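Presented below are the structures under discussion, each in the form of structure tokens.
The following pair of complexes shares a single chain, chain A, combined with chain B in the former and chain C in the latter.
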Partner chain A sequence: MVTLDDVADKSLLQKPSPEAPESLERSESKYQPLATFALPKERNYHQQFADVYFIRLAKIKPIVEEIAHAAWEGTVVGGETATKVDRVLDVRQGQLCWVVGTVYMEMPLKPSVLEDISHDRWIAAPTTADKYYSPDGGDKIMLEDDSGRLTLVGSILKDYFLVTGCIIAVMGTENAHGEFEVLDLKFADLPPQPDRWRLSQAPKAKEEDVEMSDVSSGSRSKKIAIVSGLEFSGTDTSHAMELNLLLEFLLGEALGPAAQSELSQISRLIIAGNSIAKPSDTDAAGDKKPHSKKYGYDASSYNPLPAQLFDGFLAEILPTMPVTLLPGALDPANVSYPQQPIHPAMFPRARAYVSPPSTSSPSEPGWFDNVTNPWEGELEGWRVLGTGGQNLDDICRYIDNDDRLGMMEAMCRWRCSAPTAPDTLWSYPFQDDEPFTMKECPHLYFVGCQPEFGTKVIEGPQGQMVRLILVPSFAATKEVVLVDTETLDVSRVKITTS
Partner chain B sequence: MAPSTRRSTRASSGHVADGKQTTLSFKHKVTKPVHHVGKEEKAVSEYKPPARAKEYTPDEEPAKKRKKTEKEEEKLEDEVKEEVEDKKEEEDEVEAEEDKNVPVVKPQTPFGEAEARAAKLDDSDIAKYWKDIEASRRAKEVHKRNTEDLSTTEKVLRYFDVSSQYGPCVGITRIKRWQRAQRLGLNPPIEVLAVLLMEEAKGNSDIEQAHMDVLLNSTAVGSVGV
Partner chain C sequence: MDRYVQYLADHVLTEDKVVTYRLLSRELRVHVNTAKQMLHDFHRSQNAKRPGTVHATYLVYGTKKASSDTVSASQNGDGDGDVDMTGSAPETDLAEVVPISTLTLVPEERLQDALETYEEVSSLHVYSIAPHPTKDMALLVDAASQVQPLEFGEDRKKIAPILNSKARRRERQGAGLKAATAAATLAKPQAKAASKPAQATPFAKVKEDPATSQVKQEPTEKPASSVPAQKAAPVPKRGASGGIMQAFSKAAAKPAKPKKEETSTPAAPSAEPNVPALSDEGEDDDDDEMPQPKPRSAPRHKTRQQINQELREMMEREDEKEEESKSDSPDEEPIEEPLEEEAPGPVPEPAKEEEEEKEVVTSSSNGRRRGRRRVMRKKQIMDDQGYLVTIQEAAWESFSEDEAPPPPKAKAPAPAATSSQAAKPAAKKGGPKGQGSIMSFFSKK
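And now, the complex of A and B:
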């Protein structure tokens, strides 16, 4: 009789090997979210938006003044020394001076509520311009503070990104037309950066000695996966296959053991917005007249499928990997910035992983963490700031340029993550404190739902280093971004079916 | 709100467009009448910005708050050097006094502290504060007969309302506006807090909202919604 051992050469059947295959464990994720952008449940809207600008100016003005003082105090131009002027309207003709204020861009293509009201009478079709920037130079840049506004001119203004809401110091003089000719410009620049592991516990070195099996995982660094624009849809199946493959990729089901061991390094998935696609017109069954309107909306026109698909996706991933979910422009969360977390009621299956609501002081974040957009937190010790893309998209409309990484850098240097709120980006009217001014510099700043991937490292005057990431929309590019947690290096994974 | 911008057809847009900037000269004809003292004297020290709501530093101030104002004052320009020096002298005098009668129990929160200081002020302090503000105004008071029936309390509060450096007065109660200004480090005058607390103690709730706020939010009797 022929036994298996005789014919056991490598081309035919083999006995199962005696060693059990290593079971891979996913690396643990050290996570501490901050509630910087959480709004109170009962919020009132009696206040005016002017408070937002006032708070922003009051917080950033002293810093910019210091920088401007250090740079310009004592400079002599054309025989005159520069002096500081308290208010924007205090500048005098023929006197070289410097002043700090908020930028206001007056653009004819910007949506204006007064024009909307006047057009209401005529029934003109509303033109939604993609860009507010008018190519024929009809835009004006003005400097504003509580006393008034001052038009700025000067060729140096073209060298800088400027949008409504950023705080700058300008040096120059008023010319005969009443405009301020700018000679030099200064920003607040990057805020102080906290050390790594400021909020959460750093892993102690003795962990590696205790368990031998952890040595190998301790030496391999962890990764964070960031994806955005999943856009689950009931009707659009162009990327449905890729979404499925993404699920298998993250679970480690798709690839071989070598790739799987790499995948087990991914300790957390961050979904940065736009998880549910915009319902297309056919979804709403516009031809049929709404039959019955119960509770004020027509129940038959609601399509629950996108939310169900997304819920299914999350429920598959959650058992193995913690997920942080930021809402985006298309998601079922509130419209104005900062968007509040998507309610767990949207996810009947994934809901099991959310931390139970407790009336006591904030408990540990759940395995499935619904967070605000924008979001700030500490991940593996690094301070992370992330948004769903609305702030960057809005800034892009002001500038005749596609340099999105440059605009992200500008946001960090202005110390404001959403300068155009509340001008063109709808926002809550903050009265006591405005969370968009960056008090501390993040180590990692990512923006989701972008058309293309991009990354850059910027440096600050006190040695701060920030990694900027543009996370591409998955529905368009089928890419996932992986960030190494030790070096903050970025790599991307493209999922294709061809 | 600032009036709408002048859309003048002008050459300065031409400046921006072709990228060339004419050399700046400070000797050109100044089209606005400006009071010049003379170029030899430092125009700097003579030029005083129009008086904003004067930051009247009150007599009593705890040590740490004074350190903060001193640091801020170091950064102020020469044009307010005189005023700064006066304030510093005042504070140095008072510091000696205060060290003797520092209260033993200090409240924890900064607002509790500010309120404790405000509680020490009385009507004569408020009257003196208001007299100082009126004395600093150079122009003659035109609308005196319209303001005759306003109490000093109300005058002090309305002056605080229009002091735009503490933010807009509409849509926020006066006490919250004071606290916000305090939190942002703008040093609002303690007399205003004293007045607000005194009125609150009397049970007078009319002073909660800025008068301008009341006027803006009022609806005409008999008006129908738009």
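And now, the complex of A and C:
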């Protein structure tokens, strides 16, 4: 309960003071992006997608086998000792064994490339289904490797999130129907976590134990702002005022001196996808032109306003704050994962801050860094992994509840940041490397464009700690997430107009 | 020191406008915090003289009381409670309480109510003042978006509360950026003018020179001025190709003006010389796409359709003309590729159709052609007496092969033209000027 009298003595409800207030200096951001998800300039789409699965299985299988070995070696069930089987097809009926493979979900509602081909549909339409999961139980879980497939049954499967593409070890027996009855299952769990300040230089004047000294010295710990789903629109102005307030908030122009000094600690803004709104139907339906398709593309049907507004937003923020921009599902970037950076030509004003192209020397990252989605980097020494949300949204379709944090955790424990690629999440057909496999455990993992905020810390078997954050869509919730760069604590700011 | 009283009296009381602290700080070159105090002071002194003359909105920042805050800080949906990845995870029990600060913009009538929902307020200041109570926050958007971004240098130090000395900016040479920024800043004032139905005209008159306002869309004058002009123009296609061509032509026209548009603060006047250079086409687009709260008036729409209609007719006429001129210009003759056996221009239709039946090229890109063609196949069937009979029948076969190498004598523009020709003969128009319009590059293959 606050009354007007309580705050009347705040300095800004007074006569103007003759002396100009001091300007604050914004904290510096230590930043080292990684090019984990950058695709080669020359992209080749002739190869098969199966390689993605092979590489993933080859990378994760040894780890899962090791864990399964430790857990199940010598396990005796019903007088029979579990043995390891190398290939899915080698499982014999009635024999207690364990085997490692890739999960494949057979779901009637899931889009299937085979079905597309059999119906002579050569261009896959984007999926429209909210959920692939069908409650009537028509779904089948299978385990596959390069030899074949095996249907999995068992009540234990309900206790875990399982989606196409994750790699697990299962123990059990094959029953008379040729199905594998699962008694227990294991997966890779969190990968090894790098130390802080692995890639970038820790700030000087700190003792060996960086974290301890930081905590003690730091009442002024730095923050990172993460926002997603700004959805600048050419037609929908319903949240335009909130966007204005967000800009003023980040610039530090709003609020009083005390709050401003707090805001000056925000050292970087990360925009996690969907900066530009989906073109509304009214845009297109407004004028159905008779096809005088002179040039194939009708330039007048393009609405440049959202991009202009977004460019203006960035151009105002950039002088005081570095920005990392991830593309999202709605943004003008390629559709398939990993999405490549939005081209700087989209930002005629903000691109002055982009790092110059094709400098041979390994220059410092751009002040305005438009990056890939997913993106990996080191921020203030912490390893950060972030996505624009498509990977999580797609996993969500497989599963009958909405525990998105749990799914994020599952992704980390599967060591795969986009398991459903390339099955239902469109992806580049990788040939030599599969970047979605997590080689190193991030300290901070955020997923953008989510329906609501959520956060938690998960722990790994070797003491890894990962901070998971669901970044809500700003257009829907009007929320910004602030992350403390020393403790990785999270706070939120909500912007409302009444 | 009373400069601000003068300014606010002029703008709020006389001109009936909304003034935000950001606008005030930029107009008067004062720190934003000082501007907030000025607004407050003006608001108080005016209302002391005559209550209800000035209305304010306030920006409140702090933490709300827990009750009013929905319990969204807790874990979202552990749902069925059957989810436990680790098997032994105690951390799911303690739902993390995340501190949430709230920034609220509230009109003065509701300020008291808003404050009551707060647990603690760390900052409160006047956001804007206006001669009327603020009913619709959307009106504030227009006021807020009038604020011009600050440039580097003294102004920024004086006005902005938070600076960053480490910001790196590329200095660009070359005219491309200049033109682009000019176009962007140019688009902005117009956006404002268009999206403010009622207040637009007085403000625009004050801010912009007669030159600009003349170009601003006057529905009645538009059809009169733009349509005949376009009709008379010999090359309407260049106009239609839109922004990219203009950007270049404009940049070329005035090369020696390094970033003048960027530095001068009220962008509208400085950008004004560019305005006439904008074609009707471009301007039309801008105006068309603005987010307008109200639908456009009907007659206006009609004229636009008419313009489109006329333009389209003109294009078609142009097309025919080109086709004609091409048929008698010898150097446009397509080079003889295997698939291109169809006669250049004037040869009668039947021959063409026959050829097309042989082969349908659906795409040709990157040196590869794909499509279907008709081939004669031998087929063995068993007839009803049990004999094997070999028959020949025509069948379609899809193929994908390397494009035939361009013949040595090909002229420079020829290769570009042929690839699209293969796809659709209707699009055959290499461009009589030797260099085609850039838009043909983007055409669907």
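Annotations
Here, the second predicted complex is superposed on the first by the 435 of 498 C-alpha atoms of A that agree within 3 Å, B and C clash if a C-alpha of one lies under 4 Å from a C-alpha of the other, contacts with A are read in each partner's own complex, and residues count from 1 in each chain.
Note that a contact is a pair of C-beta atoms (placed from the backbone, for glycine too) under 8 Å apart; a residue touches a chain by one contact, two chains touch by 3 or more.
None of these values were measured; they are calculated from a predicted model.
In the superposed pair of complexes, A:367 makes contact with chain C only, with no contact to chain B.
Of the two partner chains placed around the shared chain by superposition, neither chain B nor chain C is touched by A:194.
In the superposed model, A:315 lies in contact with chain C only, and not with chain B. By the touch criterion defined above, A:66 reaches chain B but does not reach chain C.
Contacts of A:404 after superposition: chain C is touched, whereas chain B is not reached.
After overlaying the two complexes on the shared chain, residue contacts for A:158 are found with chain B and with chain C alike.
Using the contact criterion defined above for the overlaid structures, shared-chain residue A:389 touches neither chain B nor chain C, since it reaches no partner. Of the two partner chains, chain C is the only one touched by A:24; chain B is not. Look at A:381: by the touch rule set out above, it reaches neither chain B nor chain C.
Counting residues of chain A touched by each partner, chain B versus chain C, the larger count belongs to C.
Chain A uses residues 158 to touch chain B in one structure and chain C in the other. Contact residues on chain B toward chain A in their complex (touch as defined above): 2, 5, 8, 10, 12-13, 15-17, 19-21, 24-26, 28-32, 34, 43-44, 47, 49-50, 52, 75, 77-79, 164-165, 167-168, 170-172, 176, 180, 183-186.
Listing the residues of chain A that touch chain C in their complex gives 1-4, 6-7, 10-18, 20-21, 23-26, 28, 158-161, 233-237, 240-241, 244-245, 248-249, 251-260, 263-264, 289-290, 292-297, 299-300, 303-305, 308, 311-312, 315-316, 318-322, 348-349, 351-354, 356, 364, 366-367, 401-406, 409-410, 413, 452-459, 470, 490-498.
Residues of chain C that touch chain A in their complex: 1, 4, 21-22, 30-34, 36-38, 40-41, 59, 61-62, 65, 72-73, 75-80, 82-86, 89, 91-92, 96, 98-107, 110-112, 114-116, 118-127, 137-138, 140-141, 144-145, 149-150, 152, 156-158, 160-170, 172, 177, 180-181, 183-184, 187-188, 191, 241-242, 281, 284-285, 288-291, 293, 308, 312, 315-316, 319, 439-440, 442-444.
By the touch criterion given at the top, residues 46-48, 50-51, 54-55, 58-59, 62, 65-66, 69, 77-81, 83-87, 90, 92-96, 106, 137, 140, 142, 144, 146-149, 151, 153-155, 157-158, 173, 175-177, 179, 181, 183, 431-432 of chain A touch chain B in their complex.
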